[in-house]
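In this document, chain identifiers A, B, C and D correspond to the written order of the chains, with residue numbering beginning at 1 in each.
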Amino acid sequence: MDFTTVILVLDSALRLATPLLFACLAGLFSERSGIFDIGLEGKMLASAFFSASVAAFTGSVWLGLLAGMGASIFLALIHGVASITFRGNQLISGVAINFLASGVTVIVGQSWFSLGGRTPQLEGAARFQEITLPFAEALRGVPVIGPIYADLISGHSILVYAGFAAVALSWWVLYRTRFGLRLRAVGENPEAVDTAGISVIGLRYTATIICGALCGLAGTYLATGLAAGFVREMSAGRGFIALAALIFAKWRPGYALLACLLFGLLEAMGNRFQNIDVLGINVPTQFMQALPYILTVVILAGFVGRAIPPRAGGEPYVKER
Amino acid sequence: MQAEQAEASGRPVPAIELRGISKAFGPVQANRDISLTVMPGTIHGIIGENGAGKSTLMSILYGFYRADAGEIFIRGRKTEIHSSLDAIRAGIGMVFQHFKLVPNFTVLENVILGAEDGPLLRPSLAKARGLLRQLAEEYELQVDPDALVEELSVGHQQRVEILKALYREADILILDEPTGVLTPAEADHLFRILKGLKEQGKTIILITHKLREIMAITDTVSVMRRGEMVATVQTAETTPEQLAELMVGRKVLLRVEKTPARPGEVVLEVENLRVTDEDGVERLKGITFELRAGEILGIAGVAGNGQSELLEVLGGITKGEGEVRLAGVPLALSGKGADGQSRRAFGIAHVPEDRQKLGLIMDFFAWENMIFGYHHDPAYQKNALMMDNTAIRRDAEEKMHRYDVRPPNAALQAKAFSGGNQQKIVLAREMSRKPALLLVGQPTRGVDIGAIEFIHQQIIALRDQGAAILLVSVELDEIMSLSDRIAVMFDGRIMGERLPGETDERELGLLMAGVAGEAA
Amino acid sequence: MGRLPKWADVALIPLINLALALIVSGLVVLYIGENPIEAVAIMVNGAIGSTYGWGYTLYYATNFIFTGLAVAVAFHARLFNIGGEGQAGLGGLGVALVCLFIPWPHWTLALPAAILAGALFGAALAAVPAWLQAKRGSHIVITTIMFNFIASALLVYLLVNVLKKPGQMSPETARFPEGARLPSAHDMASWVGLDFSKSAPLNITFFIAILACVAVWFLIWRTRLGYQIRAFGHSEPAAVYAGINPVKITMVTMLISGALAGLMGINSVMGEAERLVIDSVQGAGFVGIAVALMGRSHPAGVFLAALLFGMLYQGGGELEFEKPAVSREMILVIQGLVILFTGALDNMVRMPLEGLFLRLRGGAR
Amino acid sequence: EPGLIIDLGGKFDKSFNEAAYNGAQRWVKETGGSYIETELQSEAQREQNMRKMAERGANPIVVLGFANASTLERVAPDYPDTNFAIIDMVVDQPNVLSIVFAEHEGSYLVGMLAGMKTQTKTVGFIGGMDIPLIRKFACGYVQGVKAVDPSIRVIQNMTGTTPAAWNDPVKGAELARAQIAQGADVIYAAAGGTGVGVLQAAADAGIYSIGVDSNQNYMHPGSVLTSMVKRVDNAVYNVFKAGTEGTFKPGFLLMNLANDGVGYALDEYNAALITDEMKAAVEDAKAKIIAGEIKVHDYMSDDSCPVE
């Protein structure tokens, strides 16, 4: 594998990691507050649809972004009402949201566009375009650093950079602010938060809304950054992979970045090296396609120890039995 | 208005006055029309049996629960307490029976949680660090501000809880069973702190089961029974016997009656026993002792000096090295046979220190818990596949009656029982099988005096039937009154052995502090 | 001791929940311009209005019972098995292999062998995540998700390259020989002189599913192993104290769970399709999660929830057929709402209702 | 009243099912008639819906997709008075018309166009799932490319192994980018909804793509080189028409280049991309294939492809 290939695979990995990263951080905020969320997939899908639709209507991807985040936050609030206010089962609520999103996106899409649940193809300002960073062209010629800067670092949609910024911001919010302290506390021991005079419910709703907003970014990037429009079920299981990445990352922002990059990298390599011969035997495509998942298991078993979830996770906060 | 009246009349205004507080949890009336007056600058004790409603009352005062009826006056002013925030604003701080700390936070983080100065942590942390140092000096509340709370001893965790309250400038401090988990030394230390606080003019409410503590430190004491407040008296004008009677509603023996031991054959031989924990820290550094049938060996020591590990390795929960023989037969300390099943097959019963985490499945019914660990016993099997639930239930109900578990309803979940009764379930299960060796840790932690009396009687009865008993307790009283021999552990070693008649708390205290041997 | 009378708890609340879900679904139906009452009538009639409807409803329910039980059993040991999809797929493979490559004289012989194979293959796929969880602490949620992908890759490979009839377009195996075909509901009804729709895919596997429910109930609440599984699920430290081996319980539970999922192949592969096709599970593994959660991991609950989902699938199919404006996604929405209201928003109805009953009782006193 | 059973991909899959739906709609528009339509939601419904249609009196009934073959085999005899048509598979029953497309021939032609258009001597193919049907497309395509210049490299990729493989434009785009990075400048997508992403990525990168099943030229004018059209719409239209006019004939129908059953799309959107020489070459090959002078190997005939 030569240098250029490495750069290109990494470049692809960055793109593929970004939606995972947003969704993973979304799950991180939610689960850190003690609300398990397997509805990341559904929220991503809903936001992909609504962002693409509004972008198609208005021609503005930014309005699309708002709509995508709005839709995702709406679903997050349903999850919040079910699991915080009514102390319902968080897993069930998440499953329900996935079903709802699968159905609603297509039904509404069909009634709006009559394209079978697809949105029209997005063009121009209705999409997030790739950004060329300053001096990218000028530096391209410089050996090693040039291609890294021009081909790997430069030339992504703004949301990719936002994804990286979100990691840093999440870390900062979580570990350097009052809100972060309280959020981490409420996921570990809500009674400690309650007896300290802070509203458990308020904190958890806030976390849920942040989760919705981040899932909104994930979906928007899928539909308006990576693709140019919505196709039904286009989240294609990425919400679940993000969940896996979250566990992998042990609920920490920095590790989340690494985990998502790893998943992105494995997928990019799977894409790039689908047909290879080993000792003259053609390895079946299916094996190469399963390889990222096999490697994930191997890495998990070999290098990542036990992951301890936030202690109060999944349990509704009930003061009086 | 009231405040002014009181001032005019020259009487001091009560720090706290509760009037007609009632609270029900579904069908359970935890508090019934309770009134209580606490004068400022005093230490006010509250006692009562398990489930009497003490914690509930204090949680209401602290805004953790909302009362169904009643009024609260703080310093003479009627105060609505809807949440803990209201209570904190009214200057109330509370140290709960079960600490409300975030285990994987540092001390500092726990202290500032909810009392941060601004949206950013850094300034708050810096300020808290300074204040903590100051408080530590003022009240002997030393604790490493950067330590993770889960890595602190229980005593230190409690200090964090007190610091939390002081940091919020509480001048009314509620402590719910603060000494239940403390060693005598730690308890003494706590009392010094409380006295210091009192001298600063703070008001303290202290809930405890230990009459000795009530007598030693409180100014006034209130007694609760079955959700009602039955008496409030000046401590100086009462006696422990009288209080015990008020609590339980009958006369209670406060001293353990026992005949001298008649030790028989050696049952347990432990030689150079070592345990290393997951982090590679050596917890037991070569323990050697013998235990005979019909004898109680009490292990004294400050919590965290290897007593827990000793019980766990003997009970087959953790692995160890060295040699352990039961009636001459070596026990496996690692690999096959080093598990709870095999130990039970040898006739070793184990009452674990932490009944809620280890000894019981809180969501299981009492009858299911009554066979926990003994589920392989042929008596409980209907055939090769099925368990005989009818027999198990019958057996459980019989044991619950015999061990005075209240209510004696085997169809209740373990979590529905009070702490004392949960403990009785575990004891019934482990002791009723007439084990050759009983390992028992903290048998009366958090248990009221009525139940303590009963539990102590059962342990002695078992000894008299010829069982060897290894008793681990941080209550020196308990060790002194139950044991036939006392071994003191410090830092994973046995510092020395004493006979209860030939030693005193002072000497044991020195051994517990690691001051070795005959010099003490 | 409950605050509600038993009948309200088990019947009234679920019915109100279901009604709420249907009302909201009705709004969506209105949005696309159809009559919601008519829609409900079509769904109910389609699902249970004829032996034909029942035949499909119960066929789907059978699938969901297996995958639901799989999730439920694992839940009792606090293991979240999301791998039902892959395990059921591999179970189907096992069933297909047994049916294809052994010339069975009669289905009564083929069935036990297929049960064994389906269970074995399903369990085999669950074994690796189980072992990794028990020994390495690798989170079972991740590993089972990954094994779903791995299983589907394996199945596609085998169907396309190994098991496909040469020269045939579709990646599916040949139809199973006569001796490996299970009696359908129609056949069974005719044994006792009854008439049952000939076309419905319901087959004898339904009874195996009921047996599986009973067996799981028995396992969990009547056997020593079940006792140990539950104890381990509630508290691992306590289980260790009691001498219950965590590795063993994790392994055994997951093997049972995988085997149950694998049994789904009997119904879909042997009973219905009579051949192995690509993606024979069709998401039933994931529906199983919802079924187990809604059934509160109790076999009776799983049975009822599976039945409800079977009705939704079949009734929804009829609705889609009858009403051109109603697309198959509509049915997803209805399912989502039913899960949401009956499963997650339970307390929304329960809390006010408890207050009401408390007041009623107080008034009576 | 004819009936149409849409397969699992859904009515608007942008390719196969959608083409069938469009054919039915055209028939409705032209004749003013009405038909019964249903979409499968699950494998088990194949039989259910076929029988329901038949019992409703729909005639003829069109079922789409090879996966229905063994079910139809079982159902058709039960309804001897109903006519069925199955697309993409042969079912030997007296009341069934089997319609099969020569996708390899159409793919051959678009392969030629790709071979002539490429500057980099590298072209790509992206399929949905690695199943025989997709290999049939790929094999015809590769033959066409190699017919132009045997030294041209064809990169082949598949999207996945789960049903998501047909609906993942993001992955399609990523695969396309990977192929572009390896030098491909024409990419043929045979992957349903995934192809939308392939076409998009190609347009973004300024290279050419080739659509499939329906005419997708309009999606990115100037970038979609052509589309390998498979006239499922015509097939459905014709069956409906024959059914209502009473001229339906069971048996076997091969839709190939000769009867315009498959082909390459040329319209205003790609007119500028196809030079006259290219068009001449392709037309020539088309004539030769029809005449039998060029034999395009069908992957299905022996489950293998002579070129790679």
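Definition applied: a contact is a pair of C-beta atoms (placed from the backbone, for glycine too) under 8 Å apart; a residue touches a chain by one contact, two chains touch by 3 or more.
Here the structure is a predicted model, which is why all the values come from computation and not from measurement.
Participant: If you tally the C-beta contacts, which comes out ahead, A-B or A-C?
Facilitator: When A-C is set beside A-B, the one with more contacts is A-C.
Participant: Indicate the whole-number Å distance between the mean C-alpha point of subunit A and the mean C-alpha point of subunit B.
Facilitator: Here the centre of subunit B sits 46 Å away from the centre of subunit A.
Participant: Centre to centre, by mean C-alpha position, how many angstrom separate subunit B and subunit D?
Facilitator: Averaging C-alpha atoms per chain gives centres 75 Å apart.
Participant: For subunit A and subunit C, what's the span in angstrom between their mean Cα positions?
Facilitator: Inter-chain centre distance comes to 29 Å.
Participant: Measuring from the mean C-alpha position of subunit A to the mean C-alpha position of subunit D, what distance in angstrom results?
Facilitator: Roughly 34 Å, centre to centre.
Participant: Do you know which subunit D residues sit against two or more other chains?
Facilitator: Residue numbers touching two or more other chains: 10-11, 130, 161-162.
Participant: Going through subunit A residue by residue, note those that touch at least 2 other chains and give them in order.
Facilitator: Expected reply: 110, 117, 232, 286, 289-290.
Participant: In subunit C, which residues are in touch with two or more of the other chains?
Facilitator: 149, 153, 156-157, 160, 327, 331
Participant: On the basis of the stated criterion, which chains touch which? Give every pair.
Facilitator: Touching chain pairs, listed by label, come out as A-B, A-C, A-D, B-C, C-D.
Participant: Report the residues of subunit D in contact with subunit C in the complex, numbered from low to high.
Facilitator: 10-11, 37-39, 41-45, 47-49, 51-52, 66-67, 69-70, 88-89, 129-133, 161-163, 300-303
Participant: Given the complex with subunit A, which residues does subunit C contribute to the contact?
Facilitator: Within the complex, subunit C contacts subunit A at residues 28, 31-32, 82, 128-129, 132, 136-139, 141-143, 145-147, 149-150, 153-154, 156-157, 160-161, 286, 289-290, 293-294, 327, 329-337, 339-340, 343-348, 351.
Participant: Report the residues of subunit C in contact with subunit B in the complex, numbered from low to high.
Facilitator: 1, 3, 218, 222-224, 227-228, 230-231, 234-235, 237-238, 240-245
Participant: Given the complex with subunit D, which residues does subunit A contribute to the contact?
Facilitator: For subunit A paired with subunit D, touching residues are 4-5, 8, 12, 15-16, 19, 110, 115-118, 121, 222, 226-229, 231-234, 236-237, 267-268, 271-272, 274-275, 285-286, 289-290.
Participant: So in the complex, the part of subunit B that touches subunit C is made up of which residues?
Facilitator: Per the touch definition, subunit B meets subunit C at residues 26-27, 315-317, 339-344, 350, 352, 357-364, 368, 372-373, 375-376, 381, 385-387, 389.
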